[in-house]
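The structure's right below; bear with me while I get my questions together.
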Amino acid sequence: MEKIKYITLLTDFGNKDPYVAEIKGILFSSLSNINIVDLSHEISPQNIIEGALFLEQIWDYWQIPSVHIAVIDPGVGTERRIIIIHENQKFLICPDNGLATFILRTKHAEVRHVKYFNTLTQYISNTFHGRDIMAPIAIQLVKGGNWEDFGPSVDDWQVLNIPEAYKKDNNIYGEVIHIDRFGNAITNIRKEQIQDNLPIYAKIKNSFQKIPFSLSYGKVSVGQSVCLFGSGNRLEIAVNCSSAEKQLKIKIGTEVRLVLNKD
Amino acid sequence: MEKIKYITLLTDFGNKDPYVAEIKGILFSSLSNINIVDLSHEISPQNIIEGALFLEQIWDYWQIPSVHIAVIDPGVGTERRIIIIHENQKFLICPDNGLATFILRTKHAEVRHVKYFNTLTQYISNTFHGRDIMAPIAIQLVKGGNWEDFGPSVDDWQVLNIPEAYKKDNNIYGEVIHIDRFGNAITNIRKEQIQDNLPIYAKIKNSFQKIPFSLSYGKVSVGQSVCLFGSGNRLEIAVNCSSAEKQLKIKIGTEVRLVLNKD
Amino acid sequence: MEKIKYITLLTDFGNKDPYVAEIKGILFSSLSNINIVDLSHEISPQNIIEGALFLEQIWDYWQIPSVHIAVIDPGVGTERRIIIIHENQKFLICPDNGLATFILRTKHAEVRHVKYFNTLTQYISNTFHGRDIMAPIAIQLVKGGNWEDFGPSVDDWQVLNIPEAYKKDNNIYGEVIHIDRFGNAITNIRKEQIQDNLPIYAKIKNSFQKIPFSLSYGKVSVGQSVCLFGSGNRLEIAVNCSSAEKQLKIKIGTEVRLVLNKD
């Protein structure tokens, strides 16, 4: 395999505490000519689902030899395992808590349970395995370490129990699974679930309002609601130049029905 | 021209969603030895004025061959154009919605309407042109693509309608156009507008308080208000070690009068 | 000394204003092949203690030739000095306001008062020395400038007056000095202060609750409080999968007593 020149970081550490800067110090101090790329440190604290959706969405845009460290890790210091996932030219190092759910659902990836790695320090904390275990694993991989040496292949990884949208007659029933910075409500209804019948409008549970289906936010007037397939190919409900979350009082879990054209 | 080694990103995407990480994946996967620099992703959602002021302020500090992508793009998916601005060794790729207002006001820059570019994927979304159009344009430029091939030269770009401060007798009348993280209120009164007469104090509309002019925040006591020309050469109203926004109840649009010494 | 390839930035500038992007422009425009690493820009405005604790925590993880610029600088434009600290292969450039308190308490470092440096521009603002003075100093250092040329050695630097935890009988008395993104309350009680007697529980002043000592967050049930030595070897009070700050109503300054096992 080509030499790995990129390590990315995805965490729930935020940007005001020193945790990310400690990891960067360790990585830069051990590896020359490495690019460390912040994916996000603003995943909500301990929110594994948010992290898993983030990883799903970005995964295919990284088409280079790279190591991805994902630390949303409420179980740090307990018996939860640390795993490495190897897919194509990429490695993902993360706790075995469901973070890799969506990647492992769709990719032919191999997974190993990390049992052996070269520590950098004598002492490993019980509260910060991103720094004390996952960063050293990344360093070992970038230095050319054989990934089979980290531990046995496993197939019993943790999976998040995320509801799937389903089709019945000319409706698709789903729910909101993420709300982005713009207040766009992103659902579990995927573009592939639409086949011959075109979407007409969506309805939010307990609301009479028909939210028209369109191709872009700006196709309705400012302040009007609209639904469309967003950049991740999921149905999202938006308000042009405003927040659907606030204006339509949508939350994660809000049920959504997408009405399709009849035959 | 020297080889371009820097791409910067300025967006209103925030840091919790995967949008920026998708763009970074595409850029790193297509270009080796590129530096991707986050300028900010915290521009308020859809706030074109904030983005335009940001670009004005940073533009002259980048004196190297570089491509700058600015995505504050409420009109994505509508008929609004995408433009490239070429000034000195720099390119700015952005929607034609006023983001480049201040750069184009003061620089001898050439502007092209992007009609042709090498797509990276078969499908271009209607909601994320930063990823599907602007990133590919940047890649084409960095790979040495001729910038004249992107489309025709234009001179009818969109301009924001920002009020200008004006002088009358020994006063300069302006207003607050930005409030920074410290609560400093930055106005449209520029240092060049002062000539022979030195500033003495500022007044906020509907307030009797005289805010003394000084050279630095710390020249007044902690908790005292002060006005001065900030690092971008605009008059700003500040409170030493506190927030002028909160303490003086200033908002964007608050009218400010700067009183100059009489002859 | 080996060539310096890293400059890090620690500021209270936030990520929405153009200040950091101006500094990056200057650094990249003057230095080729430099890595600029964001440590944090989310230090609370003017909060020198927060910045000093951040620097303490990350310092030892950076074991490479590097220049660190720290700009939490409420006294900018007054008579406060700018200093350079040289420890091992690292330089820290910062205002002399206590930011380096913890580094200088434990390291054999040399400190110089900056009196001479190569300016990049004719004009130096009174409000942004990070850009107009500290960035040029960093450039001069990276270009191989002799650090003794910046000014005289000093030993009267400013020190923050931070309370120390103390031991009495089988108790250690301390207080909360930082609250992190997770709501973990980090105290001034350090692991080295425990010797033979193991910690049993902690108490917060004016509360009867005994917070059990453990080795990791996940060793208690979700929603239960716990105290432990965190990744920086300080006692912290946490709630598993929740916020100790909110649940236990802890603030910076809250007094904490750690009860040790009797002989």
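Note that the chains take the letters A, B and C in the order they are written out, and that residue 1 is the start of every chain.
In this section, a residue touches a chain if its C-beta (ideal position, glycine included) is under 8 Å from a C-beta of that chain, and two chains touch if they have at least 3 such contacts.
Please read all numbers here as calculations on a predicted model, not as lab measurements.
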item: Same-site or different-site touching of chain A by its copy chain B, using the half cut; value: different
item: Turn needed to bring chain B onto chain C - CA fit, degrees, nearest 5; value: 120
item: Cα-centroid distance, chain A relative to chain B, in whole angstrom; value: 31
item: Sequence positions of chain B contacting 2 or more other chains; value: 15, 38
item: In the complex, chain C residues that touch chain A; value: 6, 8, 10, 15, 35, 37-44, 50, 53-54, 57-58, 61-64, 180-183, 215-219, 228, 230-232, 240-241, 243
item: Interface residues, chain C side, partner chain B - complex; value: 12-26, 28-29, 36, 38, 45-46, 74-78, 80, 125-128, 131-132
